[in-house]
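You will see two complexes here that share chain A, one where it goes with chain B and one where it goes with chain C.
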Partner chain A sequence: MDVTLTIDNREVTVPAGTLIVEAARRIGIEIPVFCYHPKMLPVGMCRMCLVTVGLPVVNRETGRPEVDAAGQRVIRWLPKPVTACTEPVSEGMVVITDSAQVAADRKGILEFLLTSHPLDCPICDKGGECPLQDLTYRHSPGVSRFDIASKYHAAKAYPLGDLIVLDRERCILCARCTRFQQEIADDPVLAIENRGRDAMIVSYSEPAFNSHYSGNTTDICPVGALTTRDFRFHARPWELEHTASVCNHCGVGCNIVLDTRLGRIVRVMPRQNELVNEVWICDKGRFAHHFHASSQRLTVPLMRQGGRMVEVSWDEALQHVATRLRAICEQHGAEAIGGIAGARLPNEDLYLFQKLLRQVIGTPNVDYRVGLSAGFEDDIVAEVGVACGTDLGRVGCGTAILVLGSDLDEEAPILYLRVAGAARHGATLINAGGRATKLDQRATHVLRYRYGSATHLVLGLLHVVLHETNEQGRALTGNEIVPGRVRGLAELRAHVSEWTPERVATISGVPAEAIRAAAHAFAAAQNGIIIYGGEAGNHPALRRAIANLAIVTGFVGRPNNGVIAVLAHANSRGAEDLGIVPHRLPGYAPAERHGLNATEMVQGGVRALLVAGADPFAISARQVNLEFLVVQELFMSATAQQADVVLPAVAPGERSGSYTNLERRVQYFHPALLPPGMARPDWSILRHLAVLLGAGGWDYATPAAVFEEMARTIPLYANMSYERLTQPVEISRHMAHYIYAGMSYQSEAYEGLQWPTLAEQAMHTFVLEWQAPPPDPPTRGVVLVAPRVLYDGGTLLGQTQLLASHVVTSHVAVSPQDAAVWGLADGQRVRVAVCAREIALPCRVNPALPTGVIAIPRNLANNVAEMLLGEGQLFSPAGLIVEKQQGS
Partner chain B sequence: MTSQAFYEELQGVLKKYPVKQSAVLEALYILQRDKNYLSDEDIHTAAEALEMTVTEVQAIVGFYSLFRRQPTGKYLIQVCTDLPCALRGADAFYRRLCERLGLPPEGGTTADGLFTVEEVVCLAACDRAPVAQINLQYFEHLTDQAMDAVIARLREQG
Partner chain C sequence: MIRTIGLGAVEIARAMWITLIHLLRRPVTNQYPNEPVAVYPRFRGRHVLKRYDNGLERCIGCALCAAACPTDCILVIAGENTPEARYSPGERYGEVYEINLLRCIFCGYCAEACPTEAIVLEYDFALSVYDRWDAIITREQLLQPHTPPHIVLRDDTTLEPNWGQWGGVARPAGKAEGQASG
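This part shows the complex of A and B:
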C-alpha cells in the first residue's frame, strides 16, 4: 500500500513503512545522517536527522481529516523534533527539513558531537571523504562555544584487531560498526562498552575483531575512527585514481574499485552491485592485493639452458616453445601434448587456451581441475542453474535455500552474507553438512550427515517430495513444470521409493524426521535455491540427484530458483563454461574425442605440457616426467621451477578481461596498473604462440576481440559484449553518504550479464535421469575431511604480509569427544595415517566437528591434506589411523 | 561459586526466558553475587553458557555500573559526594571515613578484604546526606560515630 506525504511542500508517494529519510531521498532531499545505513535496522542514535513532523488532525466522529476555514488540512505539529531515520511515513504527514528550527537542531547536534571530536582532519585518512567533515561544513555553526582545552581525549591508535585501528577520539558512537558485525556479518565481536563519556568500541574476541568482514566497518564508519592497517596514512583520498574491477579471490565475483596512487594499489574498496556483493567485500578481497606489487613477480621470460634458468627475449622464448611443440607433435602426435589452465584466468584467456590446444595443436588434453579445483566440478548448472534475474539480496519469506556441503563463510564469504540475509528476512534455510558451520546459527533446519552420504540424503529428500503429500493432501512436486515438461518422473519415483527417510537415516545419520521436515519445508516454498559445495562429494550421482530435486520441486527456470555450485576460483564457472575439461567443448557441448584429465597428464600421459596460471606440481609431489614443460605464471611456482620455459604473465589489476561468477554472471574488469617488466597477459602469450605455430585468424588485438569471437561462437555468451557488460546501471548513489559513509570516488556501477540456463527456455524438456548413489559410507571409524578455508596457503594470498598471521597453519582439527578419547590437547602432535601415507601435525580441538571426524584444511603450506588424501579427495575412505604421537 | 553450581542455578533461570541470551543479566548477577565482582573467567563462563561472544557479555557488564570488574570487599561502601551531598558535608565525611579505615583519600579496599570504599555520583538521597549505600542497603543522616558503629557491626559479622 502506498502512502502520500509532503516533504518541504513537495508531495511524494512511497510504500507504507518507508522511513522519512528514504522518502525524502526519493525526491532528492538529503536529510543528513551518521548512524543510519540503508542496509541495517535504524537506531536513531546520532540525532543528526532531526526534522519537524506534523500529522493531519482527524475528526474522531467522521474519521476524516479536519480542514480549516481556508479548506486546508489542519496539521498538528509534534512537540519535539523527530528522527527521520526511525520514523515511518504516514498518510498526510507533513515533514519540514529546511526550516530555521531544523537548521538550529543540526547545529546543536554537530556542536555536541564535535565536543569530543579532535580537529585532526589534516592527518586523518577519512579527511576529504568524511561525512562528519562534509556535514560540519554544511550545517555546523563554524565556531564552537566550548573550550578547546577541555576537549575529550582518548586512545588515538587502538588496535581493534590486527587489521583495523580505532581512534577513540574520533568515534562518534553511531554503532554502524557494531550493528554491521551483529546484523550483517553474524560475528558480534564488536560492542559499545560503558556509558556516556566512557563509552567506547571494544572487541574481546580471540583474536580480537575476529571476522572475515572487518574491513567493511571502515567503509561505513562516518568518521575517521576506523581505519585499515593497509591504507592508514598511505594516501589522501583525492590523490587516488579509481578503477572498476572484479575481485579474483573466489567465485562470488565481488565488484571492487582498485584505488591506485603512483602506479600502485593503495586500497581496494567495494563497488556497489546489488546483484552480487551489494556494498560489501570480505577482508581477503580487500587486503590480498599485494601480489600485484610483489618483488617476487616474474618480469622476464626464462629458459632452461644447461640446467639453469636464464633470461631471454620474448621472441626467443616463444620461438623455442613453438619449435619444441612442433617437434614433439611431429614425432609423437598432437596427443602427446596437453594443457592445464588455472580457473583464475579470465574467460578470454581460457577460451584461447583451449582453442590453441584443440584447434591449433590438435590435442583434446585440456583441464583446469588441479589444486582447489580438483575434486569438485559442476555440469548441472547449465540446465538448472539459478535463473537470470536471481537476486539473493532480495529473497526472504517464501524462498527456501538448501545449502549442501559448503562452508560459505570460508569458501565464498559474501555469499554467506547474502544467504544469511535471506534467512534473516524469513527464508527457510536448510544447512546440510558434515560438520557444524557458521551458517547453522541462521538455519531453520540443520542436517548433519555422515561424510560420503550427501547423495543419499538428497535421495531421501527426493523420496519425500515424490512420495508424500502436504497437510492439505497435495503433492510436494512443483506444479509449474511437473509433469508437462518433465520426462522420466514415474521411473524416478520408482527408483527413489526404496530411499525412504528411515533408510537414509541409517546411512547418513540424519534423523528420518529431520529429513522429512526439511523436504516438506523446502518443497512448500514458492522459490527454491540449492547451493552445493565440495564437502558434499564429487560424485556424478550427487549432481544428478540435486538437479532432479530442483526439477521435481519446480525450482528451475524462474528468477530466484535453481542451483549454484560453490566452485573454488574466480573463474571456475568460466572454466566449466568454456570447456576447460577434457570431455566438453565450450558451451557444454560434449567433446567427440575425450582427452586426458589433469591427473593423467601430470602422471606421464603427455610428453609436453602447457600450464597457464596453475601449479599442478605443487600438490601432486610427483616427479616431473615430461620432455617439455611451459609455464605462464606470475610467480616462480613449484611447477615453474620445473619448467623448460617460464613466461611472465600479468596480474588481473594490470589488464582487462571478464570473469563468470558462481551465478553465471559475466563481469568485465578494467586495467588499473601497468604490468611489471616485460610481463604480458596470458591471452596475448597464447595468441603469439598460436601464430608461431602457423594458426590463421589469430589476430586478436585486445581481449575485446576475443570476447567478440566467444559471443559469436558460443551460444551461452551470445548477445554479450564488453559494452553490454559495462552498461551503467541506475543505482541511486548520488547521495553517497547513505551507503558509503563518504566514499569520494565516482566509479561506475555495472551489473554484468548472466547467461540463461536451459531451464529458462520455454521449450526445454527436463529428463529425470536416475543414477545410483555411491556405496554407503562406513558407519564406524574415523573420517578425515579437507575443508576449504578463506586464508589458506595460496600463492597470491601469501604475498600479503598484513594477512600472514591469519593464514591457517597446518594442523589436525579434532572434536572435543575424540580428543578426550585419544588424550589430546591443543598443540599436541597427532599422527594421521591413511593408505601407507602418514603425517604428524599439531592438534586443534574444534567443537564444530562431530565425533569421528577430523579435519585438515586444503591448500595449506606443504599441502598436507592433499598429500594424505590425494589431490581430488575432500574426505577420506575408511582405514584412517589417528593417534597421539609418542613423546608429545 | 563452582561452575557446576552456576550451571545448575542457571538451568532454573533459563526457564523464565524465551531465548537463552535474555538471561544474561541474571546469569551475571549469580556469578557476581558471592564475591562482589566478575572475573574474566566469569565473563567467559556467562558467554559460553548463553552462547554469546565475550564482547557482547562484556558490553553489558560495562553498561551496568552495578557489575564490578575489580576485586571488591565483602562490603561495598558507596558514598555520594556530589554537590548537594558535599554541601551537607559528605565530602569531608568521606575523607575521614577513608582515613579511619586506613585507606588513601580516594578510597579503596581494606587489607582484610572486608570493605571497599568509593565515591559515587548521586544515590538519590541528597536530603538525607551524608548517605552511604553498603551493598544493597542505605544508611542516611550519617555521622562519623554512626558510621563507626555500622562498620564495627559489619566487622563482627565478618
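This part shows the complex of A and C:
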C-alpha cells in the first residue's frame, strides 16, 4: 500500500512503512544522519535527522481531513522535532526539512557532538571522506561556544582487536558498529559501556573483536573512530586511485575496490553490488591483499639447467616448453600430457588452458580438482541452479533455505551474512550439518546428521515431500512444474518409499520428527533455495538427491529458487562451467573420451604436466614422477620447486578478466597495478605456447578477445560481453539500493550477468534419476572431519603479516565429551591414525563438535588433514584411532 | 631642416642629461655573488621543516601541503610514532617528505595549508644543482636548519608586521608548545 506525503512542499508517494529519511531521499532531499544506516534497524541515537512533522487533522465525525476556509488541509504540527530516521510515513503527513528551526536543530546537535570530538582531521584516516566533517561544513555554526580547555579527552589508538584501532575521542556513539556486529554479523562482540560522557565502545570477546566481518565497522563508522590497522596512515583518501575489482579469496565473488597509491594496494573496500555482497566484505577479502606486493613473487621465467633453476628469457623458456611437449607428444602420444589449472584463474585463462590441451595438444587430461577443490564438484547447478534474478538479500518471509553440510561463516562469509539476513527477515532456515555451526543460531530447524549420512537425510526429506500431505491434505510437491515437465516421478516415489524418516533417523541420528518438520517447512514455502557444501560428502547420489528435491518441490527455474554449491575457490564455478574436468567440455557438454583426473595425473598417469595456478604437489608425501613439469605461478610453491620450467604469472589485481561466482554470476574486474618484473598473465602465456606449438587462430590480444570467443562458442555465455558485464546499474536499482554517508566514496557499481540454467528454459524436461545412496555410515567409532576454515594455510593468505596470528594452526578439535573420555585438555598432544597413516597434533576442545567427531581443518600448514585422509576425502572411513600421546 | 636638426639636438641633449644623472646615482644592480642580496622577511624561497622547541618535528604527515600544491611537487608518506621512536607529538609523523624543487613554483600554498606551521618557505634562492635528482630535497635535508652564508635578511623591518620569528604565530589557547596536534 502506498502513502502520499509532502516533504518541503513536494509530494512523494512511497510504500507504507517507509521512513521519512528514505522518502526524502527518493526525491533527492538529503536529511543528514549519523546513526541511521539503511541496512540496519533505526535507533534514533544521534538526533541529527530532526525534522518538523505535521499531520492532517481528521474530522472525527466524517473521518475526512479537515480543510480551512482557503480549501487547504488543516495541519496539526507536532510540538517537538521528530527524528526522520525512526518515523514511518503516514498519509497526508507534512515534513519540513529546510526551515530555520531545522537548521538551528542541526547546528545545536553538531555543536554538542563536536564538544567531545578532537577535530584532529589532519591526522585522521577518515579525514576527506568523513560524514562528520562533511556535515559539519554543511550544517554546523562554524564556532563553538564551549571552552576548548574543557574538551573531552580519551584513549587514542586503542587496539580494539588486532585489526581495528579505536579512537575513543572521535567516537560519537552512533552505535553503528555494535549494531552491525549484533544484527548483521551475528557476532555481538562489541558493546557500549558506561553512560554519558564515559560511554565507550568495548569488546569483551577473547580474542578482542573476534569476528570475520570486523573491517566493515570501519566502513560504516561515520567518523574516524574505527580505522583498520592495515590502512592506518598509509594515504589520505584523495590520494587514492580506485579500481573496480572482484575478490579472489572465495567463491562468493564480492565486489571490491582496490585503492592504490604509488603503485601499491593500500586498502580494499567493498563495492556495492546488492546481488552479491551488498556493501560488505569479510576481513580476509579486505586484508589479504598483500600477496600482490610480496617480495617473494616470481618475476622472471626460470628453467632447470643442471639441477638448479636459472633465470632465462621468455622466448627461451617458452621455446623449451614447446620443444619438450612436442617431443613427448611424438614419442608417447598426446595422452602422455596432462594439465591441472587452479580454480583461482579467471574464465579467460581456464578457457584457453583447456583449449590448449584439448585442441592444440590433443589430450583429454584436464582437471582443476586439487587442493581445496579436491573431492568436491558440482554438476547439478547447470540444471537446477538458482535462477537468474535471485537476490538472497531481498528474500525473507515465504522463502525456505536449506543449508546442507557447509559452514558458511568459514567457507563463504558474505553468503553467511545474506543467508542469516534472509532468516532475520522471516525466511525458514534449515541448517543440516554434522556439527554445530554459527548459522545454527539463525536456523529455524537444525538437523545434526552423522557424517556420511547426508544423502540419506536428503532421501528422508524427499520421502516426506513425495509421500506425505500437509495439514490441508494437499501434496507437498510443487504443483507448477510437476505435471508436465517431469519424468520419472513415479519411479522416484517408489524408490524413496523405503527411506522413511524413521529409517533415516536410525542411520543419520536425526530424529524422525525433525526430518518431517523440516521437510514440511521447506515444502510449504513459496520459494526454496538449497545451499550445499563439501561437508555433506559429495557423493554423486547426494547431488542427484538434492537436484531431485529441488525439482519435486518446484523450487527450480524461478528467481529465488534453486541450488547453490559452495565451491572452494574464486572461480571454481567457472572451472566447472568451462569443463576443466576430464569428463566434460565447456558448457557442460559431455566429453567423448574421458581423460585422467588430477589424482591420476599426479600419481604418474602422464609424462608431462602443465600446471597453472595450482599446487598439486603441496602434499609432501607425493613424489614427482614426471619427465617434464611446467608451472605458471605467482610464488615458488611446492610444485614450482619441482618444476622444469617456472613461468611467472600476474596476480588478479594486475590484470583484467572475469570470475564466475557461486550463483553463476560472471563478473569483470579491472587491472589496478602493473605486474612485477617480467610476469605475464596466464592467458598470454598460454597463447604464446599455443602459437609455438603451431596452433592457428590464437591471435588474442586481450582477455576481451578470449571472452568474445567464449561468448561465441559456448552457449552459457551467449549474451555476454565485457560491455554488458560492466554496464552500470540502472538508475532505478541505484535508488532502491544506495549507501548513506559512511561508505563515503562512490565507485562504479556493476551487477554482472548470470547465465540461465536449463530449468529456466520452458521446454526443458526434468528427469528424476534415481541413484542409490552410499552405504550407511557406521553408527559407532570416531569420525575425522576436515572442514574448511577461512584463515587457512593458503599461499596468498600467508603473505599478509597482519592476519598471521589469525591463521589456524594445525590441531585436532575434539568434543568436550570425547576429551573427557580420552583424558584430553587443550594443548595436549593427541595421536590420530587412519589406515596406517598417523600424526600427533595438539588438541583443542571444541564444544561445536558432537561426540564421536574429531576435526582437523583442511589446507593448514603441512596439510595434515590431507595427509591423513587423502586429498579428496572430506571425512574418514571407519577405523580411526585416537589416543592421547604418551608422555604429554 | 635647421629646425629639425635643432629639435634633434635638444632631444639628444635631454637623453644624455638623463644618462648623466644616472651616472651619478648609486647603481641598483646587485653585484651578486660578490655582494649578497638581502631578501625580505616574507620572501618565499627554499622550504624548511620546523621543529618545536623540545626538538619534536612539527610535521604530522597529514599531506595537506601535498593536497594544496598546484604542481603536485610534494610527496608525503606518513608513519606512526611509537613510544620507542617518537618524531612528533601525537600519533602520526611524516616518514617520507620530499619536495621536487624543479616543479615547485614557490607559491607558498603548502605553508598556508599546514595545520602545524611545519613547512615554511624560507630565504634560500640559490637552488641550482648539477644533477636533476639533487633538486628533490628530502625530509632530512628539510629538517636541517638551512642558513647558507649568501642569505642576508633586509634590515628594514618596517615593511614587515611584527610577526616575531617564523612559526611563532599564536597557538590555540590552552595548548602548550609541543601539544599542538593529536
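Observations on the structure shown:
As a working rule, the second predicted complex is superposed on the first by the 872 of 888 C-alpha atoms of A that agree within 3 Å, B and C clash if a C-alpha of one lies under 4 Å from a C-alpha of the other, contacts with A are read in each partner's own complex, and residues count from 1 in each chain.
Basically, a contact is a pair of C-beta atoms (placed from the backbone, for glycine too) under 8 Å apart; a residue touches a chain by one contact, two chains touch by 3 or more.
All figures in this text were calculated on a predicted structure; none of them were measured in a lab.
Judged by the touch definition given at the top, the superposed model places A:205 against chain B, while chain C stays out of reach.
In the superposed pair of complexes, A:189 makes contact with chain B only, with no contact to chain C.
When the two structures are aligned on the shared chain, A:148 is found in touch with chain C, with no touch to chain B. Legend: residue contacts after superposition of the two complexes on their common chain; A:802 is shown touching neither chain B nor chain C. Within the superposed three-chain model, A:638 lies out of touch with both chain B and chain C [touch as defined at top]. Using the contact criterion defined above for the overlaid structures, shared-chain residue A:239 touches chain C, although it does not reach chain B. Once the two complexes are laid over each other on the shared chain, residue contacts for A:704 go to neither chain B nor chain C. Looking at the shared chain after the overlay, A:300 reaches neither chain B nor chain C. Overlap of the chain B and chain C interfaces on chain A comprises no residues. By the touch criterion given at the top, residues 60-64, 66-67, 77-80, 90-92, 115-116, 172-174, 181-182 of chain C touch chain A in their complex. Within the complex formed with chain B, the residues of chain A that make contact are 187-195, 202-206.
Remark: chain A residues 118, 120, 122-123, 127, 147-149, 156-157, 232-234, 236, 238-239, 262 touch chain C in the complex.
Taken in their complex, chain B has these residues touching chain A: 43, 52-56, 58-59, 62-63, 65.
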